[in-house]
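Scroll down for the structure; my scribbles are underneath it.
First chain written, first letter: the chains are A, B, C, D, E and F, and each begins at residue 1.
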């Protein structure tokens, strides 16, 4: 696999790990937040945590679009399917997230709701075309990576004049969330001290590396944009350690093969046409974050499922036991949650972080619980 | 079973058979037409033909509502289900009748048409109530027995203002068909000479015995209205033999326990309100018969599926091989059809007479083919 | 295994209010949990598959016999039984009709997404009970979940394994002229119990399915009539169709006497009402034994004394004439054919 | 029987253009016709049910083994096989994984009204072919037809019967520290062949299912490694789930080496694309053999020389540490857990 | 033609709706077509409707006629046997 | 987050539609977001859309950087082993 296998070289991995061991200065702590759930998954799936020096600690950020979706928004999707009898098209990722009363879209489907898994927004549009007598709702989630495809899909729906199609627009914005974490950290007692940020790979493909400059400049935070292969990850950590050691705080780009300073201009222009920034948006764990999500622009609001069905987002608190919020803010580790591995497992998740394979709890449960089992994990 | 078992007495059957043997005068032929398929079935199912004297011959008439339904009308029902995607509610009896291209409603169902078996027209109305977003069509077939229930059903539909319900009105009239057979007999070379008529049981429950007077008076034909139990049948034949012997031609009523001279007045009044007599109607075997069927009255024509969907009855000839027409006119016996027991069996019927268990071909195939097998039936 | 797996099942299955979803058929933890908390509990026996791909059985002594049936009945619960008791009894009977002692059952479940776990549990318990009544063990199984709209709640396939009773040799080819046709009781109970419950007919009755395991009855028959020629259970297609099969396979005629065929009053009435013939209606707890004339009386006596055989009756005779055909002297004294069933009997209006 | 019944089938079944309707499952003439013209033709062997309720089998020599599986796959036809070949191979394999020689198959069909008889015929022919390849006989069966909207074209349940090979004793409880874990070839081929064909993903590939009967391979393993401890086919849930089951049953740990696990390039790529892990993807023509260290090399050699074993590889070791857990040294040199499958893997976007 | 069975009305809930007993089976029947339906009435039931009341008197009359014909036939049988 | 894979465009049928090869697998992809897509282009594919072209030059550069870091690490390993 070109552009994949080359970045999974076993020899290089071990060697770079040695280099990293050498670079990390004893007596110093390196605390880096990987914003992105994709990176959380890479660390766990390849067992990279094993290879890191003891004083380099990775802190999981809120960059999993499934994990940050608050219960209220899943309830809206459920309402479209159950009360309004719409065909709900969704990425499989959201199917198992528990919403109000612990009920997931998957369970709603078993109860008879017409919920269909799609791989692309265009598949949802095809469902609408094939079922002209039914309302078809696409549950549009995701960060800037997933947003341009939704935009293209809506453009096409408008062009074809498809009347029975609408979207629950739940697209969120990466820089706003990153900034929110840094802004609110001083107010949060448990907030971790961060020594650097790992910048997302595919989000940055779209938005480019420029938007991160503010973190380096204003917050004096080393940033490295990182690809999703294991060598990308190791290299990025090495680059962050070097910035720390050298007292630099720059935006570096490890993923230059796909990320440019300005990103994808076509995609950005399209997003500007189809969407508008919401004044604020509710994130799981982060609460209400200003200017952190998108709604449809006036030109496309005919496709807004929230308007069409009068869907109103209700604020539903997470399960009391669940520490997802603190975990998404980087304040806690999964095994610090009492439910972890007991009441909450991937088979019976209580919180979103246990659902998505990018969720910190799921990643730790599936790949890592045995390693720290002796200390904390009750399931070991 | 009160009013049933008493009329199935084994001793009496054998004794009345002896009486009949005695009553039938040697050298004389007694040819009686049982108009009604129910009587055809009774003769076969109880093996009564065995018990009749050799010179008493029963000729099967056209009184099976399924058998006389021409292909064109089943095509209309099929069109409602397949082209107009209506839910077609039908008595099970019609499901296996081959229509155009040998295709039955049963096959259309296997292909995906939404065809539902109902036991009563009220069940069809309930389907309409339960599926307000679908068109529901009831395939209303049958003689005067089945007609009043359709009338009650339409009255109810009107009362409730049910908009998605309609009927393909294919109700036919017994006296008109009987008369047609007698009227056309002189023109038909093969027409059997008839010495008497067995009058239908349950049709007469509704219309009474009066309508048959014309056959006795004008056609000088002995008529006995006959119940559907085996002793009713034997007694009726005895009564007919006696009329013939005595040179009488009267309307006698063997089924007085349920048939009165005037029939059911409530039912008759209701039929007058809900239906109008059609100028003419196509019967399988009999061709176009004047004043022989019903359509909806102006008050109820909003429920007319023919109007609602623009269903037009096309005249489709029966399969060439099929002798159903001649059999329904009493001109031929089933085993005189070349297809009988070869290409045409109850499992793979070619004609309607092989479908309905009241059809002469089906009755003979299932109950009698072995007895005459040595002479004619190729399947024996 | 139950022990070892328990720790993974942090949340137990909600047997009261839970519903089946696709994860229960995916072969992962949810499947294991369903097996351990619903199936294993009801079927428990020492052979039952302990997580292996198959079950190891003790030695089989007589000629081994195997039979299978898919059960797709609606409604799933009906007076006198449910799909579970039926799935076990049906296969027990098919094995028994080989003149064999049924020993083991393998059971496969195809469950529709959304099916209530409480119903599944009730059905599985009922299977366990019927298996215990019949003295057979449910030794292995499989569970698949299909998407909503791709099933009808639950389908159960059972395969039975048994061993032929010593000295017995029965076959549909062995009916001989002069043999007597004995049935173990009234005809049509099962089919009419189902029909009377089925949606759309808005028709209620107290008719009970006869569904029952007949292996004990078969053992009694084989003791009393060691030269029994044919054993067969008249299920789909009823007595008429089953006798036609035998007449055809043995190249003999069969002459029935209508007056001697037991049909319960309510079943007869329901048949009249729907225009059905009880001779074509399915039975699930009745058998046909065709035995040499000289063993007929002792066989009848033994059957009447055995479980599920109280209403046994001699209903006909095997003839050399009209081979391949079944005929009947009707109550009225006429003789008529009793033909194969051509298609499912449907309620008719004419 | 075919002979005797032919005369009733005036009109032969239209295998080219006909469709299944409810009469084909009603147990009357149409059912008999379907059996004789479609099933009996493809499966013909001397034991196959001749119209009796069950099949009589020859004597079984080793410990009898029975296993069953319901097959509900969609699409019914896929690159490398179809539901028919799968239903036979799957059950042959489950019997073989008991260290047994599969002998007989019972097959039950649940067909959805409207199903093309041509497709049924093709599937049934494919079952016949696979049975002949595996040297097993399809000895009895059953056919039910369900109403449109209550099935998914066709479900096939198969039950296999076999006899344990002389001297062999395998079980999921018998893995011992030091044993080697051998797999018979690349992981994930079947599941990805299905996934790549499945509607809604608009995703086409040349990936072939590995579906194949493995009984000959098992006989070779048992010859080369007579002390083989565990045999198991990593079907639903894939290698990861099956090894977890074994680790749990045997109370041992298992340590895998990622670099040694064969995964075909196109399967790996398709997994990347859909966000799936090949270790959790189903296989239908692969097995896991856990053998004592001293027999591992000869076993591997024998497997590589046997049919369907060319790509066999030693992929891990059984350990005394971390009993109940499967772990893996990744390509990157890190060690991580390889957990149970929790639910069906679904294509993901994040 | 026109399959119908006798049943006995056991309860009447409205001018349209009643329950009939058919040899132990209970069935809801529509009685719109019957003038003043009452529990105890025997009716002929077709496609869920009571079509007509059964006249017990006439039923007895018919049974007497049947028995008379049968007696006459048996006399002949006896005569035939004796002859 | 945001699972995406590299693929090579093998044919372009319109400014929106193309077919990509993913290690032998063919997949229809929407190329609306790519300026002037051409066969031979490598792109990053996400939810059925090509999100961006891959820069071969930069990819090589990164591989060189990785190898440099690895060499440096191996030198240390060697030193460690020797020590």
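As a convention for this text, contacts are C-beta pairs under 8 Å (C-beta built on N, C-alpha and C of every residue); 3 or more make two chains touch, one makes a residue touch a chain.
Heads up on the chains, UniProt names are A, B = Hydrogenase maturation factor; C, D = Hydrogenase expression/formation protein HypE; E, F = HypC/HybG/HupF family hydrogenase formation chaperone.
Predicted, not measured: the structure shown is a model, and the values here were computed from it.
**Q** Using the contact definition given at the top, which chains are in touch with both subunit A (Hydrogenase maturation factor) and subunit E?
**A** Looking at subunit E and subunit A (Hydrogenase maturation factor) together, the chains touching each of them are C.
**Q** How many links in the shortest chain of touching chains run from subunit A (Hydrogenase maturation factor) to subunit C?
**A** When the steps are counted carefully, the minimum from subunit A (Hydrogenase maturation factor) to subunit C is 1.
**Q** Quick check: more C-beta contact pairs in B-D or B-C?
**A** Contact tally favours B-C.
**Q** Taking each chain's centre as the mean of its C-alpha atoms, which one ends up farthest from the centre of subunit E?
**A** That would be chain F.
**Q** Determine the centre-to-centre distance between subunit C and subunit E, using the mean Cα coordinates as centres, and give it in whole Å.
**A** 37
**Q** Please tell me the distance, in whole Å, between the geometric centres of subunit C and subunit D computed from their C-alpha atoms.
**A** Roughly 29 Å, centre to centre.
**Q** How many angstrom between the C-alpha centroids of subunit F and subunit A (Hydrogenase maturation factor)?
**A** Centres of subunit A (Hydrogenase maturation factor) and subunit F (C-alpha means) sit 21 Å apart.
**Q** Among the residues of subunit E, which are close enough to touch at least two other chains?
**A** 1-3, 5, 23, 46-48
**Q** Spell out, as numbers or ranges, the residues of subunit A (Hydrogenase maturation factor) touching 2 or more other chains.
**A** If we look for residues of subunit A (Hydrogenase maturation factor) contacting two or more partner chains, we find 1, 4, 14, 17, 37-38, 64-65, 91, 119-120, 123, 142, 146, 345, 347, 358.
**Q** On subunit C, where are the residues touching two or more other chains?
**A** If we look for residues of subunit C contacting two or more partner chains, we find 8, 22-23, 28-30, 202-203, 265, 268-269, 272, 275, 342-343, 348-350.
**Q** Going by the touch rule stated at the top, which chains touch which?
**A** Those chain pairs which touch are A-C, A-D, A-F, B-C, B-D, B-E, C-D, C-E, D-F.
**Q** Show which residues of subunit E lie in contact with subunit C when the two form their complex.
**A** 1-3, 5, 22-28, 45-48
**Q** Tell me, which parts of subunit B (Hydrogenase maturation factor) touch subunit D in their complex?
**A** The contact residues of subunit B (Hydrogenase maturation factor) facing subunit D are 106-107, 109-112, 341-345, 347-348, 379.
**Q** Quick one: which bits of subunit F touch subunit A (Hydrogenase maturation factor) in the complex? Just the residue numbers, please.
**A** Those residues of subunit F that touch subunit A (Hydrogenase maturation factor) are 1-6, 8, 16, 23, 30, 32-35, 42, 44, 46-49, 51-56, 58-59, 61-63, 65-67, 69-74, 76-77, 80.
**Q** Could you please specify the touching residues of subunit D with respect to subunit B (Hydrogenase maturation factor) in the complex?
**A** By the definition above, subunit D touches subunit B (Hydrogenase maturation factor) via 7-8, 10-11, 19-23, 28-30, 33, 113-114, 148.
**Q** If we count contacts the way the header does, which residues on subunit A (Hydrogenase maturation factor) are in touch with subunit F in the complex?
**A** Against subunit F, the touching part of subunit A (Hydrogenase maturation factor) is residues 1-4, 6-7, 9, 11-12, 14-22, 36-38, 63-65, 91, 119-123, 142-143, 145-146, 148-149, 152, 200-203, 205-206, 227-228, 231-232, 235, 238, 254-259, 263-267, 270, 358.
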